[in-house]
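Look at the two complexes coming up: chain A is in both, with chain B in one and chain C in the other.
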Partner chain A sequence: MIPVCPLSALPRGEAVRVEGDVPIAVFHTEDGEVLAIDDTCTHQDASLADGWLEGCEVECPLHASRFNLHTGAVDAPPAKRPVRTHQVHIQDATVYVTLSEDEPNLPPGVSAGSVGAAP
Partner chain B sequence: MTIIEKKALPESLIKTLPGSAYSDPEMFAREQELIFEKMWFCAARSADVGKPGAFKTVQVGRESILVTRSRSGEARAFFNICRHRGAQLCTEESGEVKRSFQCPYHAWTYDLDGKLVAAPNLTKMPDVDRLEYGLRKVAVREWLGYVWVCLAAEAPPFEESVMGDVRTRLGDIESIDHYGVENLELGRRITYDVKANWKLIIENFMECYHCATIHPELTEVLPEFADGFAAQFFVGHGAEFGEDVKGFTVDGSEGFDRIPGVTEDQDRRYFAVTIRPQVFLNLVPDHVILHRMYPLAPDRTIVECDWLYLPDVVASGKDVSHSVELFHRVNQQDFDACERCQLATNSRVYADGGVLVPSEHHISAFHEWVLEALQGTD
Partner chain C sequence: MNRVIVVGASLAGLATARSLRAQGYDGELVVVGEEPHRPYDRPPLSKEFLAGTTDIADLTLEADGEHLGIDWRLGTRADRLENGRVHLDDGSTWTYDGLVIATGTRPRTDVVGARLDGVHLLRTVDDALALREGLRRGGRVVVVGGGYIGSEVASTARAMGCEVTLLVSGTTPLHHALGPHAVAVSDLHHRHGVEVVTRARVTGIRPSGGSLVVHLADDRQLPADRVVLGTGAVPAIAWLDGYGIELGDGVLCDPTGGTSLPGVVAVGDCSAWFDPALGRHHRKEHWTSAIDQAPVAARTLLGGEAPATAARRAPYLWSDIHGSRIQMAGHAELADTCEVETGSVADGSFVAVYRRGGHPVAVLGVNQPKHFMSVRRRLVSIPAVPSLQGATA
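Our next item is the complex of A and B:
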């Protein structure tokens, strides 16, 4: 389990990006759910934590593909592949994430561990 | 030089600016830089950017400016240029975005406060500060129901410059407060594409020597205009409606209910104000007319004219055509005259300019102001 942040640091309607081999985005929806997906859009290198959260979907800030935060499924191109979803636990008012063991669907030019390095 | 030009002017006459001041591209470029990009500029009607994400793009001096409204409801203005490679961000004159402005070239994406919120590979560039590389901001004020912008690094105090011009003309600020202009609504907008220099339009608006000749309808409603002294000649003076005139309409027929705050002293009178460098305001008991000029070239100025009425007049769909028609005719008559003058600005006979008669002498203060501004000392 990866500790993310105190729940109080993640107000409803906001998201946080967790750096790592494959960065994760954790969202706190307006309905009070806390959900985690891969942060990088599967179409092009963009941070979904910077995207637009609506209900339990996030719209990529660059080209408007929408990902379902429960299933990782994408609604419409240009992104075609889903993002992974990750299990969220809240213990002692702290948000934790258990990473999926599936292979991530990263966009061209991005590989696990490459994020944060110069292109 | 001819002998005539060497003669001293008779006392009754004062020189205008030379003809080239109205046609020289270099002079116009300096005006763009030192007047329109330095002063407060009335850019858009607040209601035209009424909700978050609604936007207008306007030409201010040499720059394209993007005027919009933030999620918190505040007016915002930015240089309409992507901070990445300089592509123009919005090419439409107006529109509405949901929550961000995105450059169509590389998809750099800015929120309604101008902050850079996303770009391809942005997370690989953690050293790129999202505020520093946000859209370049322009100073903004909302007043009279309009968004005013100032491109200067340090905007002059709004209370002194914009409101100062109103105070100078009307004598105080309360006089305009009575009209509650910010609460009025748009009844009609007419846009004029005038083939004349912006200064000719200002000068025309400042004097009434021409009124009896080219404004028969206006002079009928405001008989004192026939003597050639404009409302703008005196401080705090409003031209009185003619005895038989019921309202400020094309045929003197009845207008609408008086705006509640308008005082007895202001009733049945017409007040006019020039707010330098590009706004004209007409105040009558039942409506307000606001002109915004957008100077585009030495010989081309777009004038957007709004007729503003009490909300219930607009909501009930009352016929505003009689009151609109009066000043629409005045505008057409004035702009035709300005275009006629523009044609002569390159003539050898007008190289030294023309002359101002006593009822126009106050225009020379405007000329002095322009010349002083162009020295960059104002």
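Our next item is the complex of A and C:
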């Protein structure tokens, strides 16, 4: 389990990016759910934590593909592959994430460890 | 409603077909497209696809395994719309209960010599493949055009090793789109070795011993192995002219995509929706506008309440030039002030916020996606700002 932040530091409607080999985005929806997915869009190197959160979907900040925060599924191209979802636990008012063991669907030209390295 | 015909098999047409199905329409759905291809994405055509780092399969706009139950009529053009019937160039005639006009734009070609060998336009995947082939041979490339496509092609051609000159009619590339901050784009071109010629007026392109010469109004002559015309586009609506549908700079629509004919909506680059924020019809050539309009137009056709958010979002577009990510949202033309809030123009990384009466009406970001989005989200309520009503009359 990775500790992310105190729940109070993540207001509803906001997201936080957790750095790592493969960065994670943790969202607090307007409905009060806390959900985690891979932060990097599967189309190109964009951070989904910077995206447009609406309900339990986040729209990629660059080209507007939408990812479902519960399932990781993408609605329509240009992104074509889903993102991984990760389990979130809240303990003692702190947000923790358990990483998925699946392979991430990183975009072309991005590998684990190199995310966010492009300009 | 038993039969909906969509004319134009690209982003806007496909997105509307998708919305119709999502909203429960289960009748016949015919999509007519002049190009022989299934819908594909155009933005990469001046960027990574032109460079050759992605291929045709990456461009497809249909999701894997997506089945919309569409009767595709590709390689077929709609010639006219007469008495409630669409006439196709294969001789067939179609009645409809609903018609979606999504025919996009065509590049302008009003330059003498536009049809010479070695002169390229860029709208379709076939155009992009031909241009890629040409750029791979290197040499001198002259790009004509002060818009996004001109700057993107110049940047890609340069990265492919060509010697590139970009001709713009204003004082900087993208002057019209970015105003005072367009200088950031000039700097990018400069740093990457693209020569920018400002206030250039092309009088013609002429062949010269196996290559080309671009003639300018001030008598300058620029030799070129190839020329790319990025001189803007016009809505592809000639096929509708004279058949009783109201046209202007695009098919004129109300704020929900409805046209002057019953049962007919228009979406995407060919349409000019009435924009309450501007108080006039406004045609946009932005990828996300087509996406935002689709569910609204589908709802209009099927008859029902428009979804609350979609088309009311401020227009948004992006561009990639020499590896820099440029993002613009809102209506910069409404602003009375503009300030750089984060970063600096000189460093090529900044966010500039455009305000009218203190309200943010537009935002420009270069290599600052996070801060850009935080401002972009605040632009949502523009039409609600009372001081903006009739602002550009």
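The rule we apply is simple: the second predicted complex is superposed on the first by the 115 of 119 C-alpha atoms of A that agree within 3 Å, B and C clash if a C-alpha of one lies under 4 Å from a C-alpha of the other, contacts with A are read in each partner's own complex, and residues count from 1 in each chain.
Definition applied: a residue touches a chain if its C-beta (ideal position, glycine included) is under 8 Å from a C-beta of that chain, and two chains touch if they have at least 3 such contacts.
Here the structure is a predicted model, which means the values were calculated and not measured.
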Which partner chains sit in contact with A:P23 here, chain B, chain C, both or neither? Use first/second/both/neither.
first
Which superposed partner A:P104 touches (first chain B, second chain C, both, neither):
neither
When the two structures are overlaid on chain A, which partner does A:A46 contact: first (chain B), second (chain C), both, or neither?
both
Once the shared chain is lined up, is A:H63 touching chain B (first), chain C (second), both, or neither of them?
both
Which holds for A:G72: it touches chain B only (first), chain C only (second), both, or neither?
neither
Do chain B and chain C touch any of the same residues on chain A, and if so, which?
46-47, 50-52, 61-63, 118-119
Which residues, counting only chain A, touch chain C once they are in their complex?
46-47, 49-52, 54, 61-64, 74, 76-78, 80, 108-109, 118-119
In their complex, what parts of chain A are in touch with chain B?
17, 23, 39-40, 44-47, 50-52, 61-63, 115-119
Chain B to chain A touching residues, read off their complex
99-100, 102, 107, 109, 117-124, 126
Applying the document's contact rule, which stretches of chain C touch chain A when the two form their complex?
15, 18, 41, 43, 53-54, 60-64, 287-288, 291, 309, 316, 318, 323-325, 327, 367, 369-370, 372-373, 376-377
